[in-house]
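Here's the structure we're looking at; comments come further down.
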Amino acid sequence: MDNNEQKKLLRMMLLIRRFEEKLVDLSQDPQKLGGMMIVCTGQEAVAAGVGAALLPEDVIITNHRSHGHLLAKGAEPDLIMAEIFGRRTGYNKGKSGTLHIAVPEVNALCTTTVVGGGIPIAVGTAFAAQYMQKDYVTVCFFGNGASDEGSFHEALNMASLWNLPVIFICENNIYSGAQRMEEHTKVKDIADRAAAYAMRGEIVDGNDSPAVYEAVQRARQDCLSGAGPVLIECKTYRWGGHGTADQQLYQPKDEIARWKEQCPIKGLKASLMRAGVFTEQEFQQFEIEIGHIVEQAVQFAETSPWPDPAEALEDVYV
Amino acid sequence: MDNNEQKKLLRMMLLIRRFEEKLVDLSQDPQKLGGMMIVCTGQEAVAAGVGAALLPEDVIITNHRSHGHLLAKGAEPDLIMAEIFGRRTGYNKGKSGTLHIAVPEVNALCTTTVVGGGIPIAVGTAFAAQYMQKDYVTVCFFGNGASDEGSFHEALNMASLWNLPVIFICENNIYSGAQRMEEHTKVKDIADRAAAYAMRGEIVDGNDSPAVYEAVQRARQDCLSGAGPVLIECKTYRWGGHGTADQQLYQPKDEIARWKEQCPIKGLKASLMRAGVFTEQEFQQFEIEIGHIVEQAVQFAETSPWPDPAEALEDVYV
Amino acid sequence: MQELTLGQAVNQALREEMSRDERVFIAGEGVGVSIHSGPYGATNGLLEEFGPRRVKDTPVSEAGIAGLAVGASVMGLLPVVEIMFNPFFTIAADQIVNHAAKLRYLSGGKSKFPLVVRVKTGAGIGAGCQHSHNLEAWVAHSPGLKVVMPSTPADAKGLLKSAIRDENPVIFIEDMILHFVPGSVPEGDYTIPIGVADIKKPGRDVTVVTWSKMLGAAFKAAGQLEQEGISVEIVDLRTLVPLDEATILESVEKTGRLVVLHEATRTGGFGGEIAALVAEKAFDALKAPIKRITAPDIPVPFSKPLEDFYIPNESSLMEAIRGLL
Amino acid sequence: MQELTLGQAVNQALREEMSRDERVFIAGEGVGVSIHSGPYGATNGLLEEFGPRRVKDTPVSEAGIAGLAVGASVMGLLPVVEIMFNPFFTIAADQIVNHAAKLRYLSGGKSKFPLVVRVKTGAGIGAGCQHSHNLEAWVAHSPGLKVVMPSTPADAKGLLKSAIRDENPVIFIEDMILHFVPGSVPEGDYTIPIGVADIKKPGRDVTVVTWSKMLGAAFKAAGQLEQEGISVEIVDLRTLVPLDEATILESVEKTGRLVVLHEATRTGGFGGEIAALVAEKAFDALKAPIKRITAPDIPVPFSKPLEDFYIPNESSLMEAIRGLL
């Protein structure tokens, strides 16, 4: 991955970070934005790394912690923000809200908040690629917790059986709600579950976005060459609670501090600067641009019209 | 396992074989016994081996192919037969029929024909043992096909997480309905799936009843000593079709012939005779006794009263 | 016209649609290589004709099968997947009710999910309550789905072809006893619109609203009552969602009396919906109480006399009708 | 009397039953260590009080959780498991509908399954259709289950205690908005029998049958209509199965008019059952059509004005009632 691409990764992570920090901020004030916000702060390297490895025709299926995935796949901050605000101008006319934003424009075809619910659907979109002999892959994002759902099992077995072009990205952020890994499963590495389907499993440092990018690139080639699906476990950490309403009483403070040391943004920035290809000034330029993008998104959302109540009746059937 | 115990295994296998052969026979004549019979001919070593390793207080949870499991756990042939005949005298007053016979009298607490449906229930009965600090184990029978259901995954993960005293017996008879192993999963051995739950997995020759017995004995000790659950895959073969209505067009004739060579009954009989501890005469004695038991069961069932229609309304609620 | 069983009619519809449109494929447990190799099987012969690319035998994984359909359909394919028996639908329920039915709405109308789920159903097959359990009321109560439940081979063919061409998720429920019952079926590209009920028999004195296998009991009762001078109109819903309210209401406005007949258990059954519709919108026309003839609120028992007791029949229907006159 | 929210009342009932009977344990996702550490949580503080043996946090495995309850209950324990939101019930549906509900029948009455499944439900929480989807009609249509859906903190306490002591599987459905609404709750061992509806407000002119959160809308409408001289009787079902037919029928026989009010979507909703019951058994008393006020047949939308539109309210109820008089 060349320097320019790495800078793009860095910029994308920063965009995700600032976009979601803004959400957390806004959600403190029920007048501005009600409800619980589920954000991926600390995990941006996964979204950015995966997004960079994909082409526009590639499909993503994602979950409740999706904003980063959608941004990295190329969705517009304005339209995501407007959807989160429940406005008519949002990607889904306010029907989805923060939890299920679908962006067919960038082939983000399903965002489901049913834990594990997207995994069998990814098998379907991958099946379609094989059936129509089209050269796209499907990436399916889910968490460590989701890997305990039956849907994970059924889906991975079918994907492997049929050699489908699908990359399963398990974002292991150590928690499933308030339960730590060791409180929801005895396996140490979710990647080990791949063997139960005779599938290749791989562990990646989920805070190292170029590493995520490389792994997904390889997996993408595997998929397109017919070598079958891959399960990639990205080891990372959720800095905040499950959502903004979570006081994180169960999350050890020193654990949080340790992981903050490994901030994916700080890490990549430092590495680029060490290599002498990036300056603090360039970073500040990113901050300014992104600050503008986020402000603009909020303004777009806030000034967008609410849907008319009766619009609720639309879009159920074709 | 001593000779006497081995003889008991042999006798149990023969009972299961003749009992089910009779069912297959009777079902040819819709006047006698309608419907499809699902039998375990060729797989008797699993039922017998497991049954012998268990104590009365141990619980079994089984599936659509259950007659052998129930007989080996100590259920009465007469009362099973009457249930299969749909008579009021059957174990479940005719409400279950061949597919879901429950025999609480011998702690066969759930026979479910929902493939995979019993596995989470076994977690519950095992949980109760741990909760009440009682020294019984739960054995859960299911097939290779069932190991593709999500319920398998959720259950094994929970059992392992909580170290529950439960033995998962996967009877791998190569088929899942009309689909061969390689048509329903890419893994070669279902036992390998245990690793996905950090559980011990083991492969046993499912046509060798003493071997099954030994494996279950060991697993039972593991369970009771708190070493947690075990997945035992018994490699065996379904001589007949899925049920009596199945013409087996998809089952290679030479494959069937090969497996018939490895008949679990023939094998154990030969081994005992080779060891000089068993005679053809003793075997014929078994045949006579068992022939009598089976005839008696059929007679009991045939002469038992049908339930009154309105009895259908009973037993829904306590 | 050809004589086909409902199973064969389904088979013909699948064959014709697969020939017509390359995007159609079928998937499910044993839809290709099956334990039942008889000629009545709904998917019989399709593997031989269309090959393993378009006829996918799956693992025993109902959630996976349904998810396959959801994902394939959003990419533009037209999946027709099978859930072997209605009780196993429960395992696929999340995919169907929370995903197939809702994802279009959640996309703000941008995506569509043109899939069909074929579900086999019904008591009378001697397999007990984990194979026989009519749950059409569940899917009818799940906005985003269409629900079709044919009673004759011709309807099955015409409706399945429409279901496959429909751009929405359609749950297509086939009674297993009807699978073996023959009837005349139009050849060629015969379709019936989804959402249109059918007056299977006109009559003056009482309306019987029914669907699927119970049409037979309705006919038997109507035949016998004719001899007593009672004229029964039989409305076969064929489609539960969208419901053809107009046909039901017109019929009741004419006859002034309604009996709803279904095989599913009583409490919470779809008969309540019909009764509620009529009690609201044709109240003034009603000359007598609305009756429901249904299975009792019990699981389907195995034993023959018990299972026979479970299934509603013409006697109880006739008794109900006589009671209204 | 103490003032508790419904969530706190559930909490108290759990605490009291766990203290009373060692066989009671709770299990579910975050029932011990939770992302919501507030005092309104239904299971708040129970881990601290009863320890990890009796308060089991589970993996995200709804089928597993339900199966745990089935297996533990047949061994004599009294599990109270939680399904976090009603849409996730679909994943547990096979265990609950095909197993918890049917296994007693399949044992010929030999075994019993005294379990409780607590399900959180309801729109108005701004989380969209995969968190909010009222499916009480599904479980009400599944013989072998009892179905309870309380509207007040006191009812929640009294009914949950009865549910835990009931020897049958009980589905106990708690509205998430009600979780935060306070009310007076009797101290100590207060129980309410399952299967008994409650006339929350007597009246003369029209019967409103409702349950759960909609009781609030019924009260608001009744209050306003009182001023117009219209007297509304409010029947709160509290239990859907077994249904208290007598109370409903007596009320309609008195008032001659019926409106059913529920939050679930219209088609196939449990309102149909009530309408059908009355149209059959109190037909002669009816002076006007039966009306249903329900959510429209759509998934629960996210955006505030859309979600508000979805939830039935007192205006549409008042309009319906005025239309009947």
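Labels for the chains are A, B, C and D, by order of writing; each one numbers its residues from 1.
Heads up, the rule we're going with is that a contact is a pair of C-beta atoms (placed from the backbone, for glycine too) under 8 Å apart; a residue touches a chain by one contact, two chains touch by 3 or more.
What you are looking at is a predicted structure, and each value in this text was computed from that prediction instead of being measured.
Trainee: How many links in the shortest chain of touching chains run from subunit A to subunit B?
Mentor: Each step joins two touching chains, and the minimum needed here is 1.
Trainee: Would you mind checking which chain's C-alpha centre is most distant from the centre of subunit D?
Mentor: Farthest from subunit D by mean C-alpha position: B.
Trainee: Need the CA-centroid distance for the pair subunit A / subunit D, whole Å please.
Mentor: 36
Trainee: For subunit B and subunit D, let me know how many angstrom lie between their CA-based centres, rounded off.
Mentor: Distance between chain centres: 40 Å.
Trainee: Could you put a whole-Å number on the gap between the CA centroids of subunit C and subunit D?
Mentor: The mean C-alpha positions of subunit C and subunit D differ by 30 Å.
Trainee: Which residue numbers or ranges of subunit C touch two or more of the other chains?
Mentor: Only 58-59, 61-64, 87-88, 91, 94, 98, 105-106, 128-130, 143-144, 297-299, 301 qualify.
Trainee: What positions in subunit B touch 2 or more of the other chains?
Mentor: Subunit B, residues with two or more chain partners: 93-96, 100, 112, 114, 117, 148-151, 154, 157, 161, 183-185, 316.
Trainee: Linking chains that touch, what shape results: line, ring, star, complete or other?
Mentor: Per interface graph, the chains form a complete graph.
Trainee: Write out the stretch or stretches of subunit C touching subunit A in their complex.
Mentor: Residue positions touching the partner: 25, 53, 56, 58-59, 61-64, 66-77, 79, 94-95, 98-99, 103-112, 114, 143-144, 146, 167-168.
Trainee: Can you name the residues of subunit D that touch subunit C in the complex?
Mentor: Those residues of subunit D that touch subunit C are 87-88, 90-91, 93-94, 97-98, 101-102, 105-106, 128-130, 133, 135, 137-138, 140-144, 241, 243, 260, 264-265, 267-276, 278-281, 283-284, 286, 288-292, 297-299, 301.
Trainee: Which part of subunit B faces subunit D closely enough to touch in the complex?
Mentor: Answer in residue numbers: 59, 61, 90-96, 100, 102, 104, 109-112, 114, 117, 119-129, 131-132, 138, 150-151, 154-155, 157-158, 161-162, 314-318.
Trainee: Which residues of subunit B touch subunit A in the complex?
Mentor: For this pair, the touching residues of subunit B are 148-154, 157, 160-161, 183-188, 192-193, 195-199.
Trainee: What residues of subunit D sit close enough to touch subunit A in their complex?
Mentor: It is residues 29-30, 33-37, 57-64, 87-88, 91, 126-131, 296-299, 301-306, 308-310 of subunit D that touch subunit A.
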